[in-house]
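Take this structure first; my questions come after.
Chain naming follows the written order as A, B, C and D, and within any one chain the residues start at number 1.
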Amino acid sequence: MSAPSPTETERSARGVLLVSCLDQPGIVAAVSSLVYGGGGNIVDLQQHTDPVDGAFFQRVEFELDQFRFDRVELAEQLKPLIARFDMRCQVRFTDEVPRVAILVSREAHCLQDLLARWRLGELPADIRLVISNHPDHAELVSSFDVAYEHHPVTPQTRADQERVISTSLADADVDMVVLARYMQILSPGFVAPWEGRIINIHHSFLPAFQGARPYHQAHGRGVKLIGVTAHYVTADLDEGPIIDQDVTRVSHRDDVEALRRRGRDLEVIVLARAVRAHLEHRVLIHGNRTIVFDG
Amino acid sequence: MSAPSPTETERSARGVLLVSCLDQPGIVAAVSSLVYGGGGNIVDLQQHTDPVDGAFFQRVEFELDQFRFDRVELAEQLKPLIARFDMRCQVRFTDEVPRVAILVSREAHCLQDLLARWRLGELPADIRLVISNHPDHAELVSSFDVAYEHHPVTPQTRADQERVISTSLADADVDMVVLARYMQILSPGFVAPWEGRIINIHHSFLPAFQGARPYHQAHGRGVKLIGVTAHYVTADLDEGPIIDQDVTRVSHRDDVEALRRRGRDLEVIVLARAVRAHLEHRVLIHGNRTIVFDG
Amino acid sequence: MSAPSPTETERSARGVLLVSCLDQPGIVAAVSSLVYGGGGNIVDLQQHTDPVDGAFFQRVEFELDQFRFDRVELAEQLKPLIARFDMRCQVRFTDEVPRVAILVSREAHCLQDLLARWRLGELPADIRLVISNHPDHAELVSSFDVAYEHHPVTPQTRADQERVISTSLADADVDMVVLARYMQILSPGFVAPWEGRIINIHHSFLPAFQGARPYHQAHGRGVKLIGVTAHYVTADLDEGPIIDQDVTRVSHRDDVEALRRRGRDLEVIVLARAVRAHLEHRVLIHGNRTIVFDG
Amino acid sequence: MSAPSPTETERSARGVLLVSCLDQPGIVAAVSSLVYGGGGNIVDLQQHTDPVDGAFFQRVEFELDQFRFDRVELAEQLKPLIARFDMRCQVRFTDEVPRVAILVSREAHCLQDLLARWRLGELPADIRLVISNHPDHAELVSSFDVAYEHHPVTPQTRADQERVISTSLADADVDMVVLARYMQILSPGFVAPWEGRIINIHHSFLPAFQGARPYHQAHGRGVKLIGVTAHYVTADLDEGPIIDQDVTRVSHRDDVEALRRRGRDLEVIVLARAVRAHLEHRVLIHGNRTIVFDG
């Protein structure tokens, strides 16, 4: 975590608790009483109970202005609740801005969009690093004062290239990775340490058209809508938990090139929404599904 | 309130608290502690704080199975909180099903849709009565075992007709009125006692195209989308708090008749969504705006 | 074909030519000159050329008021063009209204919607017959003055039941079959004679979630949109040419029952749009894809 | 007109005829026969007849490869048809790329998007010039090798500033002007010579929320969708012919800042769609409405 982006609008810092456990009476009362007891004013509380397996999820956002507990003390205060409800609890603070790396291949529309939103203050992130297997985006990225690394890859050098990237991510102390149209398949070994912190944009409405060339597949099947999917990356290609999806109408008039053009607008928007939700600590993963609280 | 509709799916009854007051620390903790103290399990909690005027809104839904307070006792328990936070608090129980009257003119698509959804169990309502200024819908309505009253109206008899309708609504002990394409303008005197409990569907994307013949207006202006709006009725025509809206794409190919046809599908869906939100106690009115909690 | 539905609005009859062949210069000029030569005024002309295989498709709609050729003569006039361009040409007249049969199982929402639209004059059809493997819809269907046949089916009696249905369709001289949530899998032998004239609504965004219980599949995968697909039925289950699709947003709050409820609204609208497009002679099949001209 | 943008994909040049006149038999046959007579292959033909006033509109796109008429000869050939049908006919060639100027104020998202699409080859334009009343975008614009002029304005200097801009547009021999969030009101005298060639993006769903600060107006009214409108600019503010519109869902959670953020995504996409339609010669103006042929 690091200092906020320069354009981040002024607003007092907030704490966010992300809680999950088995549903049982008293959780809401206990958590909200703890926050209130510390002098925190809850500005947003959302919860969800899965009716199938009885899992309980909660997000509590509260102002830190009058909050008496520092971060260590808050952790201490949470311990009895964590024990009582056997719950997992992530604690986040909005003045600790996640450090982000973006991986990209040849097509730059998602990269450019994320950088532009970041400059506008839409993304509470510290974009530290852009890595590509192509040299093309050096000038664009440096115009945003972000580091750019070019790590080419061939089928033979994949393992080496992944090792180099992993080192770069570690050196930059990155909290989150965004695959902004990075067209190389990442090995399970690369992905594992980033579980729940690496987001990809796939250019189809998953689970339809997994794998390569989804716009060609969509054209071949004659669908009347095309879609895109932002999801967490797991070891299983295109099978990770879905964060967001959207579609747009197409017709027999649209060839593959037109699908690609229409799809680009979707890719940009859906990836940005998913990344923003993650950065705002609004996403919880539950098996292969996500709870995305409203922003 | 009365017994649930025959198709209502079996589920244990729930209590719903709808709270509004000025934002201040401790509300969530106090309300959730009260519910927990009574043995209630909160299954859904949503809140909203208006950043402009600092108004606080909360909806708490909890299971009644293990709840120890009866309705009188719950009211008693809430009194200190109401005093402490100077809050308004509506208390609802899902086994007390609102009694509903539908007013309709010549076009029956919204009426038919509401009745069909009700039969499918989508609407937690007791539809008691359909009133029309046309005789046409008697057979349709009676096939759903609902009473039908035909009260014709002319410009000269408006006041009398409204009096007759008011009496019918009172006799049927109705909790809520739905204007399902009722094309007569209701007087402020008629509307006043139903404030916050009478919903209209207007066939435009308000505030565009208020008043008469909105599809003609839309065609004349050459818009590329048409919309509809479900809103609470107030003394000011088409100015009441908006509950839901939606649009659909149109083109130069669509004449007024085509707009009407495309619009019907929207009217049906948006009115049903708004009525359902109201019946599920998910809507709070705040000045001329609404907070609609997720369903 | 038979007389128009009673509510069909008055408009002078029109001819429709649906042409397909290999793209080559002169087709538009030749066809439009033929219509003009007969005194017909073209009110709508749409064409499409597939850039991949060079297939050409055209729909020409023209007023018959001043048209000098009767139906036999028009066929005669078209013969040289058909030979010259090696083209297929369907000839339709809007005063010959297709006879339609609807097959339905237990859920009646699509059936009811189609009947209601038909009564409103939205569907240029002669709905002759509703067939179901359940007895439930007799009263509903007869209230629209349409014949209702109940043909129950078990895994053992499938072939017999299909034979009975085939006979009923033949006896009623049906032009088109609509599967309005008919939940039995039809054998290739049953489907074959109806190729290009039998439309199904599948409750998923095909090709995602083919087969049984798509809402369960969608919930299991954690998608953020659910969809439906109207398509021509072929021997391959859920693989036929897609006519129309649509989606709606869902969230982690929606259980399977909620997906079903949200999906019903989509099913109704998308099936109606597809059936309407077919009845208005706006659909051409090209391999496993469709050209759907604007309505 | 000038040479195509460097990224324009290779495709043989095409001619486009945009025809409007009173509806009468024989137009389609006459125009298509003329094209065929010159050896042109029609690749797209769309027409529209307004049922209210009987106006006829047609767009014919044909390949120029085998076309025997040069541009002068084509004009000559069209003369008898223009006389016969009393029609207006615009003739366009896709290898003559319109020269475009973009006007912008402080917010750069639409400007940046148009430039990025142009570089990707999505816009068949020659972007010659960007003019702003703010100095901020010089670096961005020059990174696309486009000229940038900064012409500040105050209420006192408006007339002078408009004169300077008019001269710049004339000097650059511009065919079309795009107001990409240019927040100054242009005088009727400035607009007049650009009638039908100057497109604005207004950040509301017109005709709702005309004038200043539409997102504030939308928030105040409590709408559940916000929209944007791309339209030709006329002397009447926000009253010109609408080319495209779109909306996105909002809720009580969204303050004005959130509406602005959500709106930006719409503004970018709808303006780009409208500009693209204009550049592809797919828009005809009919009174205060547009016919936008499919792209």
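Methods note: contacts are C-beta pairs under 8 Å (C-beta built on N, C-alpha and C of every residue); 3 or more make two chains touch, one makes a residue touch a chain.
On a predicted model such as this, the values are computed, not experimentally measured, just so you know.
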Mutual neighbours - chains that touch chain A and chain B alike: C, D
Pair of chains joined by more contacts [C-beta pairs], C-D or A-C: A-C
Rounded Å distance, chain A centre to chain C centre (Cα mean): 42
Intercentroid distance (Cα basis), chain D paired with chain C, Å: 37
In chain D, residues with contacts to at least two other chains: 251, 253, 294
In the complex with chain B, residue positions of chain C that touch it: 9, 109, 112, 116, 120, 122, 139, 143, 251, 253, 257, 261, 264-265, 269, 294-295
Residues of chain A touching chain B in the complex: 23-29, 32-33, 35-37, 39-47, 49, 66, 294
Residue ranges of chain A touching chain C (in the complex, touch as defined): 48, 50-52, 205-209, 221-225, 227, 241-247, 251-253, 255, 286, 288-292
